[in-house]
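Everything on this sheet refers to the single structure shown next.
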């Protein structure tokens, strides 16, 4: 668990202890601005690659989301801030009409970051008006606002991972937040312990009693076989062993597509690793810093996670094994290294945790599972435009479970299904090993 | 069931009624030559796209397979035909060393088709020598020969689908086999009937008592929910309704990646369909012929199959639902439109079959399922080079079940897992709809 | 000639009437900042395409040029502002070591625009110190400073054309400078008059008595045949006739490569033209405005200029014909629509100019010639790093002559050789027709 | 001069001593078949890259040329062989309608090579009928036939260079014609001698009194400065010195585009050179053979030729300098290593030639000049479809002069202008150095 001195202050700055929907809405709107504050308007304008978006675009798109789905439909007399912003800031909603191409989001020097902040104020004011009589709001409006909060939380995580990709692509390797003091031990991670879980027909998925994304529904039975799970994530030092053992030069360890990605991308280490005369460095939100051997490895693609597991003689867990383990170990109540901790980086597993418990389940790094991202049995996308939110991406991607060091507090659930393509690695993505019991 | 006049003769020509391993080996070796016979040496040399291979390459590669895995290791004193052919005709076995790039297989005008036929003779002679005392062969050699037969059968199907892609890419649109007489009714397909299946924990996968590929193992339990399956495949006339209803212009019907594929490839119909002043034509192994409305639609990608199912308000079956249906309906014993029937094209479902039975399960077209191609629980690739046969492709592809009109007789099983990327459509690929019970 | 009300003020703001080298240096350094002033720091950070550079990069690169070639070598004790800026802001000088890739210049959110301005101040201070005793400067230092001024002038033009490309790529189509009042007549351009010139052996190229680029040297004889030149540039209204006559759909008018460019780029009009319900609009530094039929056509590639000339039954002049015409008509002393005029756009030719004189030679638009950009006989690149300035680009490009509406005053000469690839059209590029006498 | 034993026999086989137009037509038609004879039908079907065409396509296209431009228009009652061949075998004539894409010529397994030979017979028969009363043929028909002969000669050269590209791309590195005996000395080439030429106004270009291509017209004056020309082409041994001196790793020697080509293509030596444990080998029409140090270097791009000249402190000649030298030294009457010599490879310059004469001007390798390929003053493309023959390529290419070891006898002229893009190198292309006098 991260225990660095800046924690308490950071927890205060990035975390959210609000209760009512209106308070939570307000807090989440504030958090986006807080996250953007260390960045110049220039930093907020640029995207380093097609997958990433500019900070300013995240700030505007999360705002447009409320305008398009809440205010236009449910607030009589609402005046949109600008009739051009729908085109600029719609991400992928075909129902909402044409939109600026994703790969060109970084060209939008206009509207300015300052105007985007005014746009946020304009929409926030309307939202606060709407929320002023929270009790009388129609349930579907509340649900859309709940969705809006969760949507913005997702973009808060992306804002940080996208800024990391931008800063890593620049010669000056800037830091998002300078590292004032590092107190965590730089020793190796604790020996891996294997925690056993029984099999059988188990219920997984969200019960629908509170907010979840549609892709976590419906709760349903899965047949699980007995399995074991490593008590912590794979560490940087273990990844170094993989590299030194020829992990990146032996095609027999890799999926065919994975080996193709190794060759075409020239991968020789996880993302953001740089080998220097003084050893390995890693580009982080704190700038370029020495690699911490005990911390979880991060910025590895599915291909790499799969190859590592094969090299280790293990495998990745399925998403249902992961969820089952999380259910039985009360993972959601563990202290977690998420955004609120303020570390902004994966941290070593605690050495003094109970020996029969899995750790690091709900923070540090998202964990690749062996499960393809597909609809649950009986899945139905919600009606209307938000039906495009999740369902249309259910192909060719893999599920990641847990949360990361930059996942906003309150955004994680043990039923949460994150998903990325197997070649992507700019998120805080790592892995935990499994084996048959 | 196809009942055209050429059937009985063709069944004779393409089918295989041998019994012993040696006889079956010999028959499968002969079948490849038979399939190549209508082609000129020029036809056998070219590949129309990276995914496809030249006929000559298929003939040589299936021969190299025996040389590399059987003769070199298990036949003392065997003299390889050429020390350069390993480089030319290894497909993707990293253990076997470097190889000619896949996209350049069509450049190999040397060795000539004639020399490839001599290569086949050379290897066949050695194989027949080896088989002359079949009883004394070590079990693992017999298994490798069984694998070799099955391997060659797969390439026989590819040979025909690759030739179709080549002929379709040429201005003259040649026919592999002229259509002498069409007797099948050109009426619509029979009304779809929905066959119900119960749920529960069911055993799927191969039992390992006879030959199967490693990816069908191990036999294991799956939890299946009650479901219904259409009694036949989706037909061309139904696909025309989809087109006419704007199927290819409405993004809301599509997966995001699928819509991207529609736009970037300009898809407006299944593969090999051509709209002419006289209506739709389809490029087939019989040349460019009028579309048969009653026949199963073929040459559709996973993206298209998925969009069609959404448009129809149904879904694709999972691979286990498909297998379960096949188990309970004795699908494997149905008369099947596979290579031995000689039709070389998908044919309409029989109008006078039992009304409570699924049809067309084991022929006509491979059927896309909603299941990602992933390892079964407990899957282990076999030791040695053949461990690369299936396992390393278990990512980003989807499973197809059944068989097609060009699948060699004896090559299909209800546990068989075919797999392709969701954008691919040059195989005889179609779909069958499912729904929750 | 442009005679709009803003002219006199603008001429003051953008033009340069300094005399001494130091004064001219100071004025040119100021002009860059003046040109950047209407832009936000965000605008200054982004590049819309690989060919273009961000404003901030132009500001820094022109500063680095002095640091690398003047201050480091010729000012004892000079302290570079940052040891990382050589990597960031070297454009293409191989002698100066590795550099940030051109296509990624738009990723440099750091250093900030503000820091780049401090960088400029730092270098300007050093330069002013160096110039304080101008009389004692070594001739080669003076020459390098002269080169630096001219280099910065080139980048001032690029700064404006690159900003136009950025603003045109944005949904909001911002204006660099709003158009307060348009007074120019929107009638057609004057009838084209053909001015005759005699042939013979003529001297062309710079005489080396004052500053020129190396590519204008040496002055040498060229054999010129009698020719005629249009008195003005081709106008927008003439280009509309070309479009309406099928100019963009008739392959017989085009060079083979040109026709390929039309098809692959989907060209149907010059760059920045947009057809709307209300007729043609053109994206300009004043934003999206109605097309002025009388103004010279601009933003056409060499391919388009060549096709237009073929359609018109004429041809493009050679660069020597152009220069000869300029020599004999005192073109350099004509009033010119260059940057100092403040119009920031090509303007119609004056209706009341002498009838036997060519007009618009030294402003409005650069004029494509039929001459390939190749070294003059006896050309030698200068010694040292600045030898890379021009010589290494002498292949596959075409020469443009004259100047444009955004060429800094004092930067044009009748011997000046501008050059671009035949497909490029983001500069203010047009054409003037010629024919054999 | 090549003096190997096979010469006389080969000269007989490949050369043409016919006199009348009909005889020359017949001989040129025969020569194409002779050149194709060592190739299998498979070899004749494939293209190794987009720039190259299959042998079969060359055979058919040169036949279509007569059908499209002579027989259809000038032979009453001519029955075209097939109405699909226009589409298949039109190369780039927009006037003749749509055509099969260049990059897909290698997909045409139909029509077969055998049918293409029948196509040739059909057209030849018609042509011979037309020629039977040669005296009464209209002059424009004779001109078209003359053009057809020259057109076919160009394709004969391409046939051989395209086959070389195909054979070099195959693992087996076949030989077009095995090398029976090599008698040429493997010593170094003779010391370079510099031949001086005076300057002045000189006439260049074809006089129009006999056949030439339109791009050699009109004959006109050029102003030439005194210059010197190397008496022979640059040799392989000299190129090795360039390599060993870091020619391919020093960017300062290269044009910017050239250096880009070096990096993106990974060039480290001329085309078809392969470094082996036993020294440099070169893929040739005789297969992979040891590099002959004395022979002219071949398969170098313009970029490489230009870099070599810069390294050597010399330059490339202009096309007019080359032509002037050829005029004054009677180059056309020198014995020449062209196709008729049967060597099929560049050969060392003769050691016992007159010391004041340039050698190797009309054979061995085409020689890059520093001249861009542009129209001569007063150039007019011919009327009709053949106006597309040359004119539309006059952009971005460079002129090569002379002839190569595979140029058909009778096809070379000192006014001949060959042209290729600066990155191309699959032809027999080399260089000769020049310098100012």
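So that you can tell them apart, the chains are marked A, B, C and D in the order they are listed, and the count of residues begins at 1 in each.
As a convention for this text, a residue touches a chain if its C-beta (ideal position, glycine included) is under 8 Å from a C-beta of that chain, and two chains touch if they have at least 3 such contacts.
Everything numeric in this text was worked out from a predicted model, so none of it was measured.
Student: So which chains count as neighbours of both subunit A and subunit C?
Tutor: Joint contacts: the list comes back empty.
Student: Based on mean C-alpha positions, I'd like to know which chain lies farthest from subunit B.
Tutor: C
Student: How many angstrom lie between the CA centroids of subunit A and subunit B, rounded to a whole number?
Tutor: Distance between chain centres, rounded to whole Å: 40 Å.
Student: Using mean CA coordinates as chain centres, what's the subunit B-subunit D distance in Å?
Tutor: Spacing between the chain centres: roughly 47 Å.
Student: Which integer distance in Å separates the CA centroid of subunit B from that of subunit C?
Tutor: Here subunit B and subunit C have centroids separated by 60 Å.
Student: What parts of subunit D, by residue number, touch at least two of the other chains?
Tutor: Correct list: empty.
Student: Quick one: label the inter-chain contact graph as line, ring, star, complete or other.
Tutor: Shape of the chain contacts: a ring, since each chain touches exactly two and the loop closes.
Student: Considering every pair of chains, which are in touch?
Tutor: Applying the touch criterion to every chain pair yields A-B, A-C, B-D, C-D.
Student: What does subunit A use to touch subunit C in their complex?
Tutor: Touching subunit C: residues 40-46, 48, 84, 87-88, 100, 104, 106-113, 166, 169-172, 174 of subunit A.
Student: Can you tell me which positions in subunit D touch subunit C when the two form their complex?
Tutor: By the definition above, subunit D touches subunit C via 92, 94-95, 201, 221-223, 225, 251-252, 254-259, 302-303, 306, 370-372, 374-375, 377-378, 388, 392-396, 422, 436.
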